[in-house]
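In the two complexes below, subunit A is the common chain; its partner is subunit B in one and subunit C in the other.
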Partner chain A sequence: MKKVIPGLLVFIVALFIWWLACRTGVFPAYALPSPGQVLLSFKEEFKAGRLVNDVVASLWRVFVGYYVAALLAIPLGLWLGRQPRVRNALLPMLNFFRFLSPLAWIPFAILWFHIGDKPAFFLIFMSTFFPLVLTVMAAVATIPSIYFRVAHDYKYTGWELLTKVTFPAVLPQLITGLRVTYGIAWVVIVAAEMVGCQDGLGYGIWEARNGLRLDSAVCYMIVIGLIGMGIDRILYQFTKLSNVRWGYER
Partner chain B sequence: MSVGVMKDSRTTGSLLLEKVAHGYNGLQVVHEVNLAVQPGELVVLVGPSGCGKTTLLNLLSGFLTPVSGTVRTEGLVRTVYQQDGLFPWLTVGENIGMGLRGVKDKGRQERELRELLELIHLGQFRDHYPHQLSGGMRQRVELARVVAGDSDILLMDEPFSALDYQTRIRMRQELVQLLEKRPRTVVFVTHDIEEAVVLADRVLVLSQRPTRIVRELVIQAPRPRNPTDDVVVGATRVILEELGLQVHR
Partner chain C sequence: MRFSKPIFIAFLALPIVALGLLRYKPWSALGQADKDVIHEGPNARAHRDLTIGFLPVTCHLTCPVTDYASKTTVSNTNFNSRLFTDFPTVTDALKSKQIMATFMIVPLAMKLREQGVPVKICYLGHRDGSEIIVAKNSKIRSFADLKGTKMAIPSNFSNQHIVMTKLMMDYGLKPGDITFVVLPPPDMPTSLASGAIDSYFVGEPFCAKAEMDGYGRVLYYARDIWPNFISCALVVHEDLIKSDPDVVRDLVRGIAQSGKWAETHRAEAAKLAAPYFRQNLKVLNYVLTTNPPRVEYVNLAPNKHDLQQIQDIGIKMGILGKRIPMDSIVDDRFVPDHIADETLDLSKLSGTAPH
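Then we have the complex of A and B:
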């Protein structure tokens, strides 16, 4: 409980500053909705059921795009980490795509996949696949060589070497990498839905802007932030597994 | 001691180096070393740091192939490293269990594991992870792991050098006890002359690079030995003399 109090205090102060800014009229009322207006708008959105629908749509898109990215990136990273030659050949290309903002793909996403879930899947994939491959690859490449020598002494080879030595050796870094790239995915989904979809949290904000309903936009922003934090908390639980603690306590 | 009878009554591992030489990029590190280690023997290689001890050990383990000469090992070889050789994602029990991978019978596996944990006095620590243990405890787990199951030859690369002096003395005693229960052929590398003399059946003094064996010393006194025993002190003097470290007053 004691740990929560300072955070709660900061939250209350932030809320107060927001309220004060509205009262003093720094911005016109239509450009900065007050906490009260946002609360009303929350009620409205829930009643209409739109907000829940948008949350589900966004979560689904992030889940699919991110899941496919992780499913391909982790094995590829594990393999590349142990193949210095292939790694050196692919590294510039992987880095190039990592630094290319996923939003740059939006025109292609829409032309290739039209409007709907698919362009969002694609954009999430493009934004998370490359950083994830690089994270896993770098983690494997920096495994202390002593582990592989020990593994050789105890006859770990092939599949067993991969699953019982390489994988657990990078697991702490992998979990961190998953948390970071998940953060990217959750940021990108909002932009992706603004242009490529007809629902979802990003589309909700876009709609609110078009109708000049910034109270509704703030609603959506709050939900986006909270869900982002919530899922990170879930991923954070993995760092508590007893067989990865060594990676964080040294 | 049911387990002891199964394999350990007879030690089988042996090692043979014939005119082994090795180097990196024209720098000669090992110069024509001949060495035969008998089954059950504990040979200690002692020499100054950077003299190529670790290279020699890597040649013995097969991790390196010599530029010339032949290395022949008979039996299953395992190495103990200076530190951090345990897998940090496995518990103490699971790490020792690695050494029992070759044991097919689950019941025997469990019995051996328990026995080994008792031998290194870490029965209470079976489910602890290496990072939760002290340096000395970790090295004890390493010792248990290498003697577990069907290993024949143990290579030890300065296994106690990262420990403080008192822990080091205790670890030598533990190693002697462990080898008493589970005889193995051991090649032990160290820069610590006292350690060499306390442990060895035979001490081989190595020269500066390129490494040669400059002195061979057989120590017949029974183990365990103390650093203060006459035999140990005498042998230490001989080695110091050989290395040019003995002060004459």
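Then we have the complex of A and C:
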């Protein structure tokens, strides 16, 4: 509880400054909607059922795209980490794609996957797959070689080596990598939904803008921030699991 | 705390299963098969569907149109509308044939045709409906005053850009005398208010917004500077024209008749369109009901002479590449000879509510 109070206080102060800025007219109403207006639009969006629908749509897209990326990236990273030659061959290509903004893929996403959930899955995949492979690969490459020598003495090979040594050893870095890439995914979904989608939180902001409803846009921004934060807290809890602690206690 | 494998897998699988269920709602009988359609036509017994794309930027009264066309269909078609938020997405959707008909800015349709996308202009969406807006206290009083200022336009392929270029030629202004900035229409009123631009030229309701908020005034109505200003047209994929010409004819008839209705029932039309645009009814009402009329929904048959003029200027400007015969861009076979009078019962005019 003690940890929560300072954060909450800062939040309340920020809210107060926002309210004051509107109240004193530092920003005119058309440039910054007041907290009161935003609260009203919260109610309106919630009542219309749009907000819930948009939250589900965005979460669904992020989860599917992200799961597919993780399911492919983690095994690939684990394998590449132990194969210096292949790693060297693929590294430039992986890095090249990592630095391509997923938003640059938007026109292709629409042309290839049309409109709806699929282009969003694709964009989430493109934004998270490459950083995740690189993270896992780098983590495996830095496992002290003594681990593998000991594993060799125990005659661990193949699956056993992977599940008893390699995977547990990289788990802490893997979870950090997952948190970072999840952050990317959540940022990208909002941008991706601004085109090529017909619902979702990003679409909600875009539509609110088109409808000249900044109050509703702010309401969506708040929801996006809160959900992003909430899921990160859940992922953070993973670092506390004793399965993961193994990696820390080297 | 330790996680056993089954618990861990369950923990991972749970959110995706829950979200999948919430997303597709298998328990609801109809499901949400076509979530992309924002407004479904009310004709449940129709044996075919056609979805028409539109943007909420130029007073497209597409929802009432499709609603109306579905009710009065003679080809037993249900017309749906699908809201897009930008033109690049509309063009991509048209290229990949996800939508076969849409409202679109005319020069963009010409550009698509030039690129080999087989689309044709079958009808117009509306006339006029755009204004040049300057700041309320601005010293700009005439076209000549715009020299040396910064003007926002919605797209390089917009008719607003074409009209401005033609007027600049007429007034002897050189290219570059007015700096054009492409801005998303919703950002134009606020950019004007903050002084980032000196003026903007765009379709409604983004002009009305600046006026209603008290920091902008109309310098010119589109019709003052280019009578019968064309902004958007109904663009249809040729495959549909070939396979179902009667559906296209039915749609054009619907647009013509509901346009005639909207022309004389403006307040009702605003009320009808507002929920689909997620826009403030006050703004739409202002756009549709102020005098002199800002937008017209009559005289919508595509006139080859008008369109040729647009193409010629587009080519001079360099936004269009080559001269394409008007006959290959325009298909006016579907224009009705006589537009019947229509009475729409507002209380019955509702299909599926917008999501």
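Simple rule for what comes next: the second predicted complex is superposed on the first by the 245 of 250 C-alpha atoms of A that agree within 3 Å, B and C clash if a C-alpha of one lies under 4 Å from a C-alpha of the other, contacts with A are read in each partner's own complex, and residues count from 1 in each chain.
Everything below uses one rule, namely that a residue touches a chain if its C-beta (ideal position, glycine included) is under 8 Å from a C-beta of that chain, and two chains touch if they have at least 3 such contacts.
No experiment lies behind these values; they were computed from the predicted model shown.
Peer 1: Applying the touch criterion given at the start, work out whether A:Ala169 contacts subunit B, subunit C, both or neither, answering first, second, both or neither.
Peer 2: Only subunit B; A:Ala169 stays clear of subunit C.
Peer 1: Regarding the shared-chain residue A:Ser242, is it in contact with subunit B (first), subunit C (second), both, or neither?
Peer 2: After superposition on chain A, A:Ser242 lies in contact with both partners, subunit B and subunit C.
Peer 1: Report for A:Arg149: first if it touches subunit B alone, second if subunit C alone, otherwise both or neither.
Peer 2: first
Peer 1: Output check: A:Ala208 vs subunit B and subunit C. Expected answer is one of first, second, both, neither. What do you get?
Peer 2: Only subunit C; A:Ala208 stays clear of subunit B.
Peer 1: Applying the document's definition of touch, where does A:Pro107 land relative to subunit B and subunit C: first, second, both, or neither?
Peer 2: Only subunit C; A:Pro107 stays clear of subunit B.
Peer 1: Check the contacts made with subunit A and report whether subunit B or subunit C touches more of its residues.
Peer 2: The larger set of subunit A residues in touch belongs to C.
Peer 1: Pick one for A:Phe46: touches subunit B only (first), subunit C only (second), both, or neither.
Peer 2: Neither: A:Phe46 stays clear of subunit B and subunit C.
Peer 1: In the superposed arrangement, which partner chain does A:Phe27 touch: subunit B (first), subunit C (second), both, or neither?
Peer 2: So A:Phe27 meets neither subunit B nor subunit C here.
Peer 1: Identify the residues of subunit A that lie in both the subunit B contact region and the subunit C contact region.
Peer 2: Looking at subunit A, the two contact sets intersect at 242-243.
Peer 1: Please name which positions on subunit C make contact with subunit A in the complex.
Peer 2: 1-3, 12, 15-16, 19-20, 22-23, 35-36, 38, 55-57, 82-83, 85-86, 88-89, 92-93, 95-96, 98, 184-187, 189-190, 193-194, 205-206, 209, 213, 277-280, 283, 355
Peer 1: Show which residues of subunit A lie in contact with subunit B when the two form their complex.
Peer 2: 144, 146-147, 149-150, 152-155, 165, 168-169, 171, 242-247, 249-250
Peer 1: Can you check the complex and tell me which residues of subunit A touch subunit C?
Peer 2: Going by the criterion above, the answer is residues 28, 30-31, 49-50, 53, 56-57, 59-60, 63-64, 67, 107, 110-111, 114-116, 194-196, 198-199, 203, 206-213, 216, 240-243.
Peer 1: Please name which positions on subunit B make contact with subunit A in the complex.
Peer 2: Per the stated touch rule, the residues are 61, 63, 77-79, 81, 84-85, 87-90, 98-99, 101-102, 129-131.
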